[in-house]
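What follows is a set of structures for review.
Below, chain A partners chain B and then partners chain C, in two separate complexes.
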Partner chain A sequence: MAEDTILADDLIRQLISVGEVDLLVGISSHSNANSANHAFHAIELSFQKNFTRQRAVIVNVRGGDTGGSEVAETSDAGAEEMSAPSARSLRTVHRVTADFSVLPSPGLALRTVMTAADLLRARACAMLSSGTSDLTPDRIANLLAPVFREKFDFVAPLYSRHKFQGLLARNLLYPMSRALFCCGIRELYSDEWAFSGRLAADCLSQDVWHEESIQTRPEAWMAISAISNEFRCCQVFLGQRLQSGTGPGPDIVEVFRHTVGNLFWCMESRQSTWLESKTLESVQTIGPEHELTSGKTDLDPHRIFEMFRNGVAELGPILSTILDPETHAEINNIVACEESAFRFRTDLWVRTLYDFAASYHHSVMNRDHLVQALVPLYRGMTYSFLMEHADSSATELEAVNESLCAEFERQKPYLMEKWKAKIEVKS
Partner chain B sequence: MRQTILQGLEQAYGNLVHMIADFLPRFLVMLIIIVLGLLVAFLLKYILRLVLSVTKLDQVSEQAGASGILRAAHLPSMTALISRSVFWLTWIGFILLGLSVLGVASLQEQISRLFQFLPEVFVGILILFVGLMTANFLSRAALLAAVNAGHRSARILSWSIRFLIWILTISMTLEELGVARETVISAFSIIFGALMFGLAIAFGFGGQDLARKVLEKYLGNTPQKEKDKEPQPL
Partner chain C sequence: MALQKDNLWYKDAIIYQLHVRTFCDSNADGVGDFPGLTQRLDYLKDLGITAIWLLPFFPSPLRDDGYDIADYTCVHASYGSLEDFKTFLEAAHVRGMRIIIEMVLNHTSDQHPWFKEARSSRENPKRDWYVWSQTDLRYEGVPIIFVDTETSNWAWDPVSKSYYWHRFFSHQPDLNFDNPEVLEALWGIMRFWLDLGIDGFRFDAVPYLVEREGTACENLPETHAIIRDLRKRLDLAYPGKMLLAEANNWPVNVRAYFGNGDEFHTAFHFPLMPRMFMSVKLEDRKPIIDIFDQTPEIPDNCQWCIFLRNHDELTLEMVTDIERDYMYDEYAVDKTMRINRGIRRRLAPMMDNDRRRIELLNGLLMSMPGTPIVYYGDEIGMGDNIYLGDRNGVRTPMQWDGDANAGFSAADPERLYSPVISNAVYGYQAINVESQKRSEHSLLRWMKSLIKLRNSFQVFGRGSILFLKPANHRVLAYVRQFGEETVLIVNNLSSSAQAVELDMRRFKGYIPIEMFGRNLFPRFGEAPYLLTLGPYQFYWFQLRRI
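Entry: the complex of A and B
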């Protein structure tokens, strides 16, 4: 059994004293992080306001030096920092802590939480990150409610964003995963999502937990597993995307390695699923489908274009190994265009991505390097998007996104052909 | 007189027959060993090729960048190279074993010297190959990192890394083979030292602004403006 190997004795002891639960919220936190305390109060408040009669537990997967920030094991009145709830929980909200010497990877944290959920027979679970200081009780309730009350198995978040933010999700991750896995989930990569105990048990039974892609970003794999195994999925609007309260924004190369690399890995590990033709599974949306805002930004399109142009020139030999000769020639042609006239056509963008995916499958070079080589081309697409849609409305952008999804679906046979082609090794 | 000549001829003939009688079985043994070696080498090559195809070595080699090096050197795929190398090594081993059966003293000495030198040659080839692979991998990693960080002279940086690792690899290989050991070490020290000194001077004179920017960026005196100029990807 998984719990025999992954859960420490102390954690099992804590879980046994909790007994069966209805709701479980997993949170990954650093021992010294103050934001974890804020998150605990938000979760407890959410239970008190929205799940008064349900048995609930918070599983804190904690890493690092444990000195100085111990939290209480149980709390039945909680919420010192927040306003008093209108209803009080009739049950004790338990807190259990899984201590690790260093902060565990997201994959290990999720596995620990899912194993605990399986042991406690939790019906609805949510996974949160403690790195954000804007976590609210309603946000947590919105994630848990579809699983607990409407029997969904996987709940992905939906966010409100500036129209020029989240372009990787909008121009690559969402349309590609939708075309391949028939997965209409817009936010495959997020720090907050919910799932049922049934789905947790199914995921735990899969032998993937040692994989690096699962260790770094397990949520997309979980969503794709849920869709592929015909679990009920939905997405729920949560408002603004929460950003980590500390440090600069994520490095674009790291984001690519963890998301695009992860998606390519999902394609590799689940090729039998997407190579079969399937129709798009509609995913129910709770709340608005999307909310794009516009306003002034401090983006520097000229700098983005220069990085694209320089990248394509410098990475010429690497790109020629990855891309189809025709695709590479077309990219070289558009690089030669004047900055003002430059456009990255949708069909070329899709073909480029499919060439990268096929080359990843055939391991034409180190896979990590291959994913990094996509960054300059993404910058080209970003520049083109910024120029083309400077004045576009949210509705127009949604139409553009739909046509991009259609292009990914139209070119799927091209990917399948390249994917199945034998690798040419000179001998 | 006639008797003596006849006796000499008889002795010479006897010696020849004795020599042939002595040499022929050894020659036959040598031929048998060589033919047997050929069969064993073929068998090993076939088994190895089968095992390497099952373990998808070519794919791993592509991923590690080793196949790129082989292609650049107009060499076959990794599976073919290893299986062919094993074939030739096995067969050459059997040929040398066969030759030693002939019992030619000078030949035996040469063979023994060759066998003594062989491990060093193998280690030398291994160092060269691993060095070239490392150079390829690290230079590509540096190129990608520099390009994605927006540095203009990414290819120069990449080539510098490749060149340094090549120098180190070649020096180590020559040292392993024992070719002009002291000269190689001195040449390496001079080239490496000169290169580093040159780079330091070039950076000191030409890259003051860059050095300031890098230090400011890493010591946190300026905010992360560059990152803010790109949209958040997620």
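Entry: the complex of A and C
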């Protein structure tokens, strides 16, 4: 743990009043976000319903202008006793607030929550997003229970998804992280996960908290840290993926920066782990295995293909800097194909990604730009996937995914070779 | 010391609950008796007790520890004679102690002459003094109280070939209060004892007096009418006497038994008791605060009676299923410790003989609103014997000294009504009055000082209560006020040291004086008042503006 605490005096005073706890749930909320009230209620109900006897606290990491719409917290000391429905609750459920002038980054929010957990000697912790509108008590309990009752150290969520949903996770993040870190966690990037106090203490002791990647998406690093340090990990099925609020979906470039960029950073910060040859240790799944559903999708393959083709054309010089010449040549070959005949082969996709990862490591160019340059190629892969698997069943898709994972495994020596190579950065 | 003339005496009382049989045997027959009890009155006076509640001492087959009465106006031969009782009563009064006796209204023993007559024939004049039926389907759905032993509230009487109603054991037929003769007979019994000089009655099993089809046969308006009638007669003929209700119910239901100050003077606060135990185990004030939030105001002339343990099981009727499971898991892991819906254990063993927790609970008992009742033997930390049947494990002989039979009796040990506790931890050689009298730091000496302190201030018996709710939920703090007296009580419910900040701004300028040592603490100001408390520690502060 860093030598100086990141906790404000007011928060420490609240934590002193709470004392040792069994369960801690952290949420990050905007000061004027009324959705936080829904999250508080769901968490409190979860405690009452599933952890009646346990000592529990909610840590709300809050920031931003209240705009005159302060969420309804009545405690003058900050640590308040919930009022309803108290009949079923044996214990006081505490709610403490860590106030920041601006909305803290996910990394700062997690660090604050983990520091609180460390101080309170919490056994089981969960990190949730206050923005999810259909957070339920059972869902929270499902996350906490493996840590509290079965002594797991890290619990990742697992969702039921449409077969064309979560393609970035399925075609890139999961197979790549699995091949490199022997990490069988399907949802490495999520806004809800659980962890043990033991793991929190271990993470806090690492000197990474100033890193931008940690600030933006700390959860994958935490998972990889857990696996690397041989903490017990599992994933738990939570049903349908929660929808975060309303409005347009996230920008794909931002998503890439925060996930793929983050994974590349994890590869670098944890290179000693994945460069060692390790066998895959399966991660236990609690509940049903990966569940895929079918149905209509609003994806427009033609548009995706056009964006792929235009992007590759526009980024030609950049891609030539990043990719191995052979890989680049093959990409250019497939770009020239008719749309109807276009296919992005699995081996090429894996090689492309490994080229990107190696170039990220060697800093051949601005890393942000490098990650963004991958987006058009991902679109090409997505188009190819949509075309090939329009009629595939869930079982077939699962086999395809396994085969992709195997390809990542097979080509891992290629990555290791490129990673270790001394290269000359082109000016 | 004569009795003080104060019709509200019960508000300031410290009640000591005992069974004559358990306390002291004067004639070496193995059973405690009134002469023996009389000999021990100085002990109770020295302890600071101001009232004694006697469990049933009437002639009885003793199949329910005397609550199965066969004759209401006599003393069971084992306990002495009526003359012995009168001597005891006078001796207690001389020492300033009032006497409360049992009044079992709801039922008699099946050996009572009334029932014998009633069952003798359907035409007998006493027949209608009990509740009879040709079918056991009347009052369907009414809960059975002794679920461990009874399967129905009806029992078949082979003599008169009818069913009779009983809410408790089948050998305890319920009286029929729809017959006015029953009420007159019971009032006659009350007058008998009142004329002798007793100071109050504890009415047993109050909610169950009247039966009506389609109801739970509990807490019915007709029951309240009966109580009001008896109270009116009592106030007219015997002012200053007290009625105490046993109604194991939620406070809002028990509140009805105070009426407009015209039913009971006092009533047990049953739901508070398990929550005190729960709060200490959970290290959280929530259960206590919750139950006080559900406790309504009562008329000025009324009072709650509060207790930690008594002669029955620690009843878990007035808790939720979750709370009951918790209590069982924490306080009665061994299923032998459980009976009906409760736990048959004494205070000290439930606290694992942890002196700090025993003191904390007694501190709560003496400082919370209500009249405290101390169960005999708990003042020295007596243990129990869960291997005795029914609830007899908490009714073993009082442990007076380390001599044979714990100084309770000169009879052969085999002749005692119950074996004395003799294990290494709670046995009479380790736990007894004599040794604790001689030890400056004994529980008995500590209890005596606690009671003395409580008796020095009316605020504990009569004051209002205001719960402070500091952020630290392991600390239970409240202010009690009565006239010029203000006290602040701060309890650490946890097993570890705690810091707490109290908002004492409304008492700005007051100086807290720690009441046991009379030491001054820093004056209250605008800033939160910081206190640190050791494990299970509590402070009683008198607040004074100096």
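Quick note on the criterion: the second predicted complex is superposed on the first by the 398 of 427 C-alpha atoms of A that agree within 3 Å, B and C clash if a C-alpha of one lies under 4 Å from a C-alpha of the other, contacts with A are read in each partner's own complex, and residues count from 1 in each chain.
One rule holds for everything that comes next: contacts are C-beta pairs under 8 Å (C-beta built on N, C-alpha and C of every residue); 3 or more make two chains touch, one makes a residue touch a chain.
Everything numeric here is computed off the predicted structure, so don't read it as measured data.
Engineer: For A:Gly19, is the partner it touches chain B (first), chain C (second), both, or none of the two (neither)?
Structural biologist: The second partner, chain C, only.
Engineer: Once chain A of both complexes is superposed, is A:Ser384 in touch with chain B (first), chain C (second), both, or neither?
Structural biologist: In the superposed model, A:Ser384 contacts neither chain B nor chain C.
Engineer: Tell me which partner A:Thr352 touches in the superposition: chain B (first), chain C (second), both or neither.
Structural biologist: A:Thr352: touches no partner chain.
Engineer: Could you say whether A:His94 touches chain B, chain C, both of them, or neither, answering first, second, both or neither?
Structural biologist: Only chain C; A:His94 stays clear of chain B.
Engineer: With the two structures laid over each other on chain A, which partner does A:Arg53 touch: chain B (first), chain C (second), both, or neither?
Structural biologist: It touches chain C, and chain B stays clear.
Engineer: Could you look at A:Gly311 and tell me whether it touches chain B, chain C, both or neither (first, second, both, neither)?
Structural biologist: first
Engineer: Check the residue A:Ser28 against both partner chains and state whether it touches chain B (first), chain C (second), both, or neither.
Structural biologist: Once the two structures are laid over each other on A, A:Ser28 reaches no partner at all.
Engineer: Between chain B and chain C, which makes contact with more of the residues in chain A?
Structural biologist: Touched residues of chain A are more numerous for B.
Engineer: State whether A:Val253 touches chain B only (first), chain C only (second), both chains, or neither.
Structural biologist: A:Val253 contacts chain B only, not chain C.
Engineer: Using the superposition on chain A as set up above, list the residues of chain A that contact both chain B and chain C.
Structural biologist: Overlap of chain B and chain C footprints on chain A: empty.
Engineer: Sort out for me which residues of chain B touch chain A in the complex.
Structural biologist: 58-60, 62-65, 67-68, 71, 76-77, 79-80, 137, 140-141, 143-148, 150, 152, 154-155, 224, 226-234
Engineer: Can you list the chain A residues touching chain C in their complex?
Structural biologist: 13-14, 16-19, 52-53, 55, 75-79, 81, 86-92, 94
Engineer: Under the stated contact criterion, what part of chain A meets chain B in this complex?
Structural biologist: Per the touch definition, chain A meets chain B at residues 164-169, 189-190, 241, 243, 248-253, 255-256, 259, 297-300, 303-304, 306-307, 310-311, 314-315, 318, 321, 362-367, 369, 372-373, 375-376, 378-379, 382, 386, 423, 425-427.
Engineer: Provide the residue numbers of chain C that touch chain A in the complex, in ascending order.
Structural biologist: Counting only chain C, the residues touching chain A are 278, 282, 284-287, 290, 320, 322-323, 326, 469-474, 494, 496, 498-501, 503.
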